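The next part holds the structures, each set out as structure tokens.
In what comes next, chain A is part of two complexes: it sits with chain B in the first one and with chain C in the second one.
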Partner chain A sequence: MARKGSAVHGRGSMKHLLFRAAIVLAWVSSLLLVLVIGYLIFFLLLRGLPTLGTDLFFGDTPAWAALSGQMPVWEGIWPACVGTLALIFMSAGISIPLGISGGIYLAEYGRGKSKHLLTFFIDVLAGTPSILMGLLGFAAILFIRNVFGIQARTNLLLASLCLAFLVLPYIIKGTQMALEGVPDALRMTGFGLGMTRAQTIIHLLLPGAAKGIFSGIILALGRAAEDTAVILLTGVVANGGIPRGLSDKFEALPFHIYYLSAEYQNPQELSQAFGTALVLLCMTSLLFISAHFIHNQLEKRWK
Partner chain B sequence: MEITSDTAIDVNDFCLHFGDTKILNHVTMRCKKNTISVIIGRSGSGKSTFLRSLNRLNETFPQCSSSGTIKVFLKKNWVDIHAGTMRLEDLRHQVGMVFQSPNVLPMSIKKNMTLPLALVADMPRSERCMAMEQALREAQLWDEVKDRLKDQAATLSGGQQQRLCLARALALKPEILLLDEPTASLDHKAARRIEELIIGLGKRYTLVVVSHSLRQTRAIGEEIFVFREGRAEAAFSREKFLNCDPARIMEELF
Partner chain C sequence: MQRFARETLFHGTTAVCALICAAIVVTIFAFLAYFSIPLLEDGRLISILSRSWRPFQGNFGILPMIAGSLCLSLSAMVLAYPLALGICFFAHGVGPRIPGKIILALVHFMTSIPTVVYGFVAVFLLIPTLRTTLIRGSGFSWLAASLTLAVLILPTIVLFIHTQFSLIEPRITQTTCALGMTTSQRLFAVTMPLSSRGLFAAAILGFGRAMGDTMIPLMLTGNAPLMPLSPLESLRTMTAHIALVVATDSQGAAYQSLFACGIILFLITFAINLGLRWLEKAARYTEGGV
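Let's turn to the complex of A and B:
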């Protein structure tokens, strides 16, 4: 009897120990995460902060002349900031409506085979390496040149399109998951009141799913801001000034960082790369904060 | 029962399947106009499914198929609800429904009332507030919520939420109102209050109420239908039902 008792006790304490270990592991993991992010930000601040200033952005060009577009900027990262912002907004403008519509279709309308097939293709798209997406854009330009004989070249519009395709799966999946997570009772309520399917989706389900959709969008924005491989093949240049139109070449922050850190000539250029990285981080953080703000405003209106 | 001028719902030989499972088995019954028809029966007897058949809400579930006819008297006309002569949304607008557990929308009390008015009834903005107040008064909720219309509906008590759902349905001016065990999730006091409300509404609306309790059925029922295994097994008038020995009913029908 005594042995049996101790065995039970042993198993119990073993379970207890495992439980404690799991808790410790959870704490360590989250601590590690904070440490890594903290180290990253600290390092970026340490190396990048001293370079922040009008020199970094505009080089020798006077700030007001550069901002108003009177004088071109050659040394600074201002054109790259404009390029990256243009890329983010354009790819978001293409991918957000497409992605949300796609997510709505998959969650609310798609049934059977067509849904399976579509889900499969979206998974493939999600798994596509970004360099392939760049190649696709590059091949598209070659195709246009060869078939239509137009002297097309890689440009801002093409890069935005390719980026939009790259981030599309995040938004589609985010929307679909969020909508499928909305309780069925809410759908029933909408239909029971006599709302059409579209009204139920727009007025009840989308507000209920907004949080999930927004996190999908934020993920997509971040991805579009940082991706270098796609734009590498679709029109980014090291020194092109502010793009004058959709068919123009452009500069971008991630590429600028990559270019500087790979081919810097002197320590100043390397620290400029750190400064640029810091600017990119601030820019994406700002985007996330404004996305969050928009979400809150929308929520207030819905309620 | 013959179709008379005071009939509002006429169900004839109605069957309903979910996939291969037969839920409703040749239901034939008639409900009178401006009368409280109560449906009782064991759980699983198909009474809630039957109620949802009246506004075709079952069709939102996958693999639902049905046969037989259901006709309702709406806007001074007999409408075969499956014939396609009436838009599905119009049917559900005219045949309002209150669910078992209060399903308030995740919005303010006011928006709960005005959103369906705007979307379903297509009511201009200027008239919505009046219609809201009128419906909230009808559901005896106005005095409790008039100072907190901007609050989230979920902050109301269970009984208040259910009355809000009732008001929301009433605001759309339905001719027929379906209530699916409207007091099932409420405490005794809140349930009594809803029952009193139902008795009052029975004079102006055609009500079909699924009930889970014999006491409630005796309190509100004017026509009583007993469901068993997907069939409308028996029908009683109020007098007949009250004269029955409850124990005998329980034994025979449940």
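Let's turn to the complex of A and C:
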């Protein structure tokens, strides 16, 4: 009896130890996270802030001449900024209409098996590594060359298309969730007014879900801005200047960071890399913060 | 009548857009399969699955890359998972309320930090530290990549577990309090067992995220196509291999290895999704039972 008692006691203290360990783990991991991310941002600010200025963007070229496109920029990261902005806008132009309509279908029309299957495909697409999306673009070019014998090469349009495919599932999911979050009363109002399903969706549900859809889109844009693997396979170059057309090669901020981190020749180039990293981080975090701001407003509204 | 036509048109358009998404997945698979078919001829499959990658001697084995991807993702998972669990404990009652919220906000914010920025900072902070302490060589190693990758996949795991916990906690908090349980007793005895499938799914999700990442292994592992034997040595993942082969613009069998890597990655992603779906279904079934 005594032995049994002590065994129980032993197990109890084991459990007690486990609980203690969990509390220690919780505090240690949280502190560690704050330290790591804090140090990362501090380090970037320390090395990147001093480089911020017109020199970083335009090099020796006068800012106005560079902005108006009169003089090419050789030293600065301006061409990379233009490349990234072009990628963001073009992939947004492709993925937003597709994504919103796809989301509408899943939220309002899709039923049963077909909806189930489509959702599965969208999940697979969302989980597909970005390098495979780049490989899709690369393979498409190879395919065109092999089968049609056209001298195609990777370019800005192809990269935007692949990036659009990469962010498409985020926009679809965002739209679907926003629409499903709209109170059913609004749907009933539409039908009560004698509106058709399409009219209800366009005039009542979409405006009602606009903020949710919008915050989903902004998050997707951040993803398009930061992705490196896709453009690595679809036509990014280190020194291409500002792209002159859709079939041109292009520069981009994330690739510029990657390229300089491996191939920097002198301290100036290294500090430019830090500046670029800081610029890109500011860009993505601004997008992120605005998305969350919009999202929080939305939650308050439906409550 | 016109009204009806418009209605059908709208319905049809949305359906086509949703189908395009599925079509993209099928297209990726079709392209990868089309370019890997030559591998099935005259025993090339065996040579591709061999252990040595020596392009100049005609050896294009991708086995080291498969092993590299698996080892790196697993090690990153092993590093990140306990941390993620700890952070979720902290946010769900172990830590004070406000700091818990701040930690969650920080984890949310981490999702917006570009992958290439993590890699870049690691090249200039982590690599020099490793070089002076643990590793005698260049510092680019399995260890460096797995540490950075762990930070990268942390938000994915934390946010998933957090969602699971948030679904369960409101239902049990009052009962556990009434029973006089402490926070850690509640987490261990009630919350975690109830969300066991979610905890498992979080691990799979994190593993998939680690497997699919390109930039961290490309920037930090050193990319030597060798079997990964020690964390202090270099390795090469399938994702980095794809990026490197495309960058060097080589021809012939090297290209085939590229698509072989692609199709293996795709199949792994597909399997992960199937697994997650199965878990979700099983979870719904048990919840219906309760």
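What we mean here is this: the second predicted complex is superposed on the first by the 238 of 303 C-alpha atoms of A that agree within 3 Å, B and C clash if a C-alpha of one lies under 4 Å from a C-alpha of the other, contacts with A are read in each partner's own complex, and residues count from 1 in each chain.
The working rule: a residue touches a chain if its C-beta (ideal position, glycine included) is under 8 Å from a C-beta of that chain, and two chains touch if they have at least 3 such contacts.
Just so you know, these numbers come straight off a predicted model, no measurement behind them.
With both structures placed on the common chain, the touch criterion links A:G102 to chain C but leaves chain B unconnected. When the two structures are aligned on the shared chain, A:W64 is found in touch with neither chain B nor chain C.
Of the two partner chains placed by the overlay, only chain B lies in contact with A:H203; chain C stays clear of it. By the document's definition of touching, neither partner reaches A:F42: not chain B, not chain C. In the superposition on chain A, A:G192 makes contact with chain B only, while chain C stays out of contact range. With both complexes placed on chain A, chain A has more residues touched by C than by the other of chain B and chain C.
Once chain A of one complex is fitted onto chain A of the other, the partner contacts of A:I257 are limited to chain C, with no touch recorded for chain B. In the superposed model, A:G222 makes contact with chain C only, not with chain B. Contacts of chain A with chain B, set against its contacts with chain C after fitting on chain A, overlap at residues 196.
Remark: chain A residues 18-20, 22-23, 25-30, 32-34, 36-37, 39-40, 43-44, 97-99, 101-102, 104-106, 108-110, 117-118, 120-125, 127-136, 138-140, 142-143, 165, 168-169, 172, 196-198, 201-202, 222, 225-229, 232-233, 254, 257-258, 261-262, 273, 277, 280-281, 284-285, 287-288, 292 touch chain C in the complex. Of all residues in chain A, only 185-189, 191-196, 199, 203-204, 207-208, 302-303 touch chain B in the complex they form. Contacts from chain C toward chain A in the complex involve residues 3, 6-7, 10-11, 13-22, 24-25, 27-28, 31-32, 34-35, 82-87, 89-90, 94-95, 99, 103, 106-121, 123-125, 151, 154, 182, 184-185, 187-188, 208, 211-215, 218-219, 239, 242-243, 246-247, 255, 258-259, 262, 265-266, 269-270, 272-273, 276-277.
The touching residues of chain B, when paired with chain A in their complex, are 55, 57, 60, 89-93, 96-97, 99, 101, 103, 105-108, 111, 115-116, 119-120, 152, 168-169, 172.
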